[in-house]
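Same chain, two partners: subunit A is paired with subunit B first, then with subunit C.
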Partner chain A sequence: MAPDLFSRLVTLASSLVLLSGIAVLWRHSLEAYIRAFARQSFLFVVTIVLVAAQTGDARLYLVAALVFLMKVVLIPNVLQRVQRHVGADLEIHPYVNTPASLVITGALTLLSYAVASPVTTLGSVPTRGGIPLALATVFVGLFILVSRKSALSQIIGFLVLENGIALLAVLATFGVPLIVELGVFLDVLLGVLVMQVFVYRIRETFDTLDVDRLKKLRH
Partner chain B sequence: MIPWLLEALQCLMTLILAPALIGFVRLLKARLQGRRGAPLVQPYRDLAKLLGKERVVSTQASWIFRAAPLVLFASTLVASLLIPLVAAPLPFDRVGDLIVVVYLLLLGTFFLALAGLDTGSPFGGMGASREMTIAALAEPTIALAIFGMGAGAGSTNLGEIVARTLANPGSTLSSGHLMAFAALFIVMLAECGRLPVDNPATHLELTMIHEAMILEYSGPYLALLEWAAQMKFFLFLALLCNLVCPWGVAVALRPGTLSVAVAALIIKLAVLAIGIALLETRLAKLRLFRVPELLGVSFLLALLAITTSFLVR
Partner chain C sequence: MLLIALLACPLLAAVLAAPRSLDRAAVERAGVALAGSAFLLSLVVATRVAGGGVVSVGPEEFLRADGLSAVLALIVTGTGLVALGFEAAAGTAAATPEAEGAHFRRYHALAELFLFTMLLAVTVNNVGVMWVAVEATTIITAFLVGLRRSRAALEASWKYILIGSVGIALAFLGTVLAYFNFVQRVGVTPFALHWTVLSRVAGALDPDVTRLAFVFLLVGYGTKAGLAPMHTWLPDAHSEAPAPISAMMSGCLLPVALYAILRFKVVVDACVGAAFTDRMLILIAVLSVLVAALLLVRQASYKRMLAYSSVEHMGLMCLGSGLGPLGVTASLLHAVTHAAGKSMAFLLSGAVRERYGTSRIGSVRGLLRAMPWTGALFAASVLALLGLPPSGVFVSEILLVRAGFRAGRPWVTAAVLVLLVGIFIAVLGHLNRMLYGDPPEHLRARDHPQRLLPLALNVAVLIVLGFGIPGPLMRLLGTAAGIVAP
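Then we have the complex of A and B:
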């Protein structure tokens, strides 16, 4: 692939990753949140494959396959089961409403461009166009975490944030060593499983997933 | 001499093909919904019928009511001279760029809203207020998307953008280009009153936007308004497909390349029309209060277009 085309495709894929993160802020149903996360992970896999094809690094293909299994198949399935089990399907009143969320996301994107500008102006990696977008994905994930009330949406926020960090690693350094990648995978998987148990417990104790209600000790 | 004939050809194509495009979308939608649907020529018949009827104008109406259809029709027709439908460097490229095109189309919208208010009917006022809300939200998106496209090509001149894209085909895959296309597509849905923003097939009073504004019109005035709306839809679609996929647009003025360009334009429009028909069959109309959210998404797309194509080269 020509380097020019490669960097264009990488930027396109990273902006699509960011957009599917933003899709979470636009939608209201938790099912759509989970689908948006699965889509984002899939686009992330596409980005890894692009980088792997360009660098010819066989380990990156392995990483792509693992990410696909974990984040496109396994975690969305677990989350869907949780969602069906607890029967919560709408994020009704987030702390920040949708139009404001979208405007804030735009501001966060500009912020990440400002923050990443030293890297992108001085760096010479062909993937530098995607670095601010990966950073913006991290910010968006963080924003989902703090602005949404349902425990499930917060898990999605965490996962979006994690996708952003992983994307940043792939774009900035063409992937971290496999052993580190495996450690992160295990961490994320365990994190999701533990959080899933928490969701069940919250649901059982408080009869709702709204973390706002968790302020009272006794209900 | 030839370039002026070309402009005349573009104008004529817009006038003649616009009703067919609407008829095609309606026919496709009908088929997708399991109906037989009206034939392709039905919009022409409607226009001919309306042009032959008498006009009924309220005694309360001022000159704005009479002028609005003419302004809308004329401004849309002028916009057709500036958009590269079949050939890229047009003689009128010196007169106006993408910004002029968009604001010519918005000028028509503005007069239509004034006309809706003019007769003082409650529906007209409701439609005008809704239309202006949507136009006000769509406008920053359009401006940003234009600059996103322009930053990629180094000029907001439409002929220039098309020529640059043709010379450098890889740039169609750049993020800025595609995001700007997506943003403009959403804006097109809002500006042309398509689903999920407005339902073009209904006079249901609670949901209508465009229909509410033209409710007072009849006869030739109504024909002009309908025709102008069809031309606007045609122009928006032609603009979208020639900006994102300019192949087929004639760069050299020979009869062979021109006929290829006309055929290519019709094929591209048909593809986009099929996409819109599928979309409109799948989507329900958004609640009015969710329209700002949709336009917020398109604003974000336009913002991404400009940041990815401008801030990191």
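Then we have the complex of A and C:
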């Protein structure tokens, strides 16, 4: 693949990753949130395969396969089961409404271009066009996390944020060393499993997933 | 080999919790014995590296302990020994009723794994693996915090795992940026994420990206270290966890997170000079002490009081870290004295809570009459934490103040001193309300001094350090400080 075409494809894929993260903000059903996350993870896998094909790094194919297994198949399935089991499907009253959320997302994307400028100027990698977009995905994930009230939406926010960081790692350095990558996978997987246990318990104890009700502990 | 043996101790203890043939007492005895061996092993490591040496094992020093690691390993294993010992001494009438019965095996195994991950974080050379270890502590302790299954415990563990995971994810972003920086400037090498390699080539790194990476690392690991304004999970988690876990979380997990920041500070300083990191550390430190002071004034729960006191003390350690070599020495000494004082206070608070059935300050009356030994020791540990002489905390705080003036930061130091006086008055008021008066009618005076025996280690550390720092320890602290701020 010509380097120019490659870097354009990578930038395109990264923008689609960001876009599917933003999609969460204009949807209202948790089902759609989970699908958006699965779609985002799939686009992320596509990006990894692109980079792998260009660099010829066999290790990256392994990473892509693992990400596919974990974030496109396993975690969405776990979340869907949780969602069906607890029966809640709507993120009813987010702290920030949809239009305001989208404006804030735009601002966050601009911010990430500003923050990432030293990184993109230093980088000589052909993938550097995607780096600000990856950082924007991190910020969008953080924003989902603080602006949505359902415990499940917060998990989605965390996962979107995590995808952003993983994307950044792949774009900037073509993947961190494998031992670290594996440790990160393990931690994210365990983290989500632990979080799902707590979602069940929250549902059992509080009869809702609305974390706004969790305010016994103050000061 | 030494380091492998050190890490094997808690792992073995975790495995021993599984077989049904071992009853609770046997599991606890094995846990204490192995925690004791781990403590002795870290003492051996400390003596080996006190003069500036390094203990390492594996390819390109995969596991590596220098003076800084040794100080932290001592804190982790010492606190672990006391916490496990306290629980074993409490026997079947446990200080943690929620850790009874079927839960016990899981609880014990998780507590041991918690110790293992902390030890791994301070002895591994690869900063990526260090990140994995610190992240693992979040997952393990979230379960331990939520053990009680009450509404409050559930809320605390949800906040904890969410805020902790996000914080640590940002730290990973910082790690990735550091790695990117390295690869761009130096090229791909198999050991680029090793701290030794990173700090060796730091001068060649790009300053702007280095600064950006440090901001993410400070926010990320700072969240785990309980520094303001990322501290919001801490009072909940530390007050809802079972007492031995609170003791370990406050006494050693927080300094381990600060350790991660210090490791990166070395790299960043070599690249852009110490002024940048010092300024940021001091800013976040003053904010932490301020937040702690404000929230300590009107505090209704003694466990939350201890938790906010941890925010204060982490602020002080963070302050010292930004004050040059003497400051780092003071900060590390403070980590030791704080771990001794705070783990003792948390363990005793568990006994008080078990007795009175509440953690409200207003509902605890006549502690000194209802539980003469426990009450007196609790008072002593809180007074020590307030920096009253002769306690080790007093010495480390004095050293910190001296470092502040010597580093040319008189105003910051004076402001922190004023806040410390405020905290002193507020906490002393809370303590007085608990100690005196008439205990509730249904509580008969009953205490079990023999159960308090494991705390002898804490008392010894606080008293000995209160009268001066022994030569070998001073040498170790000096070596460690020399690594952070040459």
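Operating definition for what follows: the second predicted complex is superposed on the first by the 214 of 219 C-alpha atoms of A that agree within 3 Å, B and C clash if a C-alpha of one lies under 4 Å from a C-alpha of the other, contacts with A are read in each partner's own complex, and residues count from 1 in each chain.
Please note the rule applied: a residue touches a chain if its C-beta (ideal position, glycine included) is under 8 Å from a C-beta of that chain, and two chains touch if they have at least 3 such contacts.
The structure presented is a predicted model; accordingly, all values stated were derived computationally and were not measured.
Enquirer: For the combined arrangement obtained by superposing on subunit A, do subunit B and subunit C clash, or do they fit?
Expert: In the superposition, subunit B and subunit C stay clear of each other.
Enquirer: Contact-wise, after the overlay, does A:Ala172 reach subunit B, subunit C, both or neither (first, second, both, neither)?
Expert: So A:Ala172 only meets subunit C here.
Enquirer: Look at A:Thr98 in the shared chain and tell me whether it touches subunit B only, subunit C only, both, or neither; answer first, second, both or neither.
Expert: first
Enquirer: Scan A:Leu214 for contacts with subunit B and subunit C and give back first, second, both or neither.
Expert: Second partner only.
Enquirer: First (subunit B), second (subunit C), both or neither: which does A:Gly106 touch?
Expert: first
Enquirer: Using only C-alpha centres after the superposition, what angle do subunit B and subunit C make about subunit A, to the nearest 10 degrees?
Expert: 150
Enquirer: Touch check for A:Ile75: first (subunit B), second (subunit C), both, or neither?
Expert: Neither partner.
Enquirer: Does subunit B (first) or subunit C (second) touch A:Val63, or do both, or does neither?
Expert: neither
Enquirer: Under the stated touch criterion, which partner chain does A:Leu50 make contact with: subunit B (first), subunit C (second), both, or neither?
Expert: neither
Enquirer: For A:Leu152 in the superposed arrangement: first (subunit B), second (subunit C), both or neither?
Expert: After superposition on chain A, A:Leu152 lies in contact with neither partner.
Enquirer: When the two structures are laid over each other on chain A, which of subunit B and subunit C touches more residues of subunit A?
Expert: Of the two chains, more subunit A residues are contacted by C.
Enquirer: Can you give the closest approach of subunit B to subunit C, taken over C-alpha atoms and in whole Å, for the superposition?
Expert: Minimum over all C-alpha pairs: 17 Å.
Enquirer: Can you give me the overlap between the subunit B contact set and the subunit C contact set on subunit A?
Expert: Shared contact residues on subunit A (touching subunit B in one complex, subunit C in the other): none at all.
Enquirer: Write out the stretch or stretches of subunit C touching subunit A in their complex.
Expert: Residue list for subunit C touching subunit A: 126, 128-129, 131-132, 135-136, 138-139, 142-143, 146, 149, 151-152, 154-159, 161-162, 165-166, 169, 172-173, 175-177, 179-181, 183-184, 190, 192-193, 206, 208-209, 211-212, 235-236, 239-240, 295, 298-299, 304.
Enquirer: For the complex, which residues does subunit A have touching subunit C?
Expert: For this pair, the touching residues of subunit A are 115, 118-119, 121-125, 138, 142, 145, 151, 154, 158, 161-162, 165, 168-169, 172-173, 176-177, 179-180, 183-184, 186-187, 190-191, 194-195, 198, 201-202, 205-206, 211, 214-217, 219.
Enquirer: Contact residues on subunit B for subunit A in the complex?
Expert: Residue positions touching the partner: 170-171, 173-175, 178-179, 290, 292-293, 296-297, 299-301, 303-304, 307-308, 311-312.
Enquirer: Show me the residue ranges of subunit A that touch subunit B in the complex, using the header's touch definition.
Expert: 2, 4-5, 8-9, 11-12, 14-15, 18-19, 22, 26, 98-99, 102-103, 105-106, 109-110, 113, 117, 120, 128-129, 132-133
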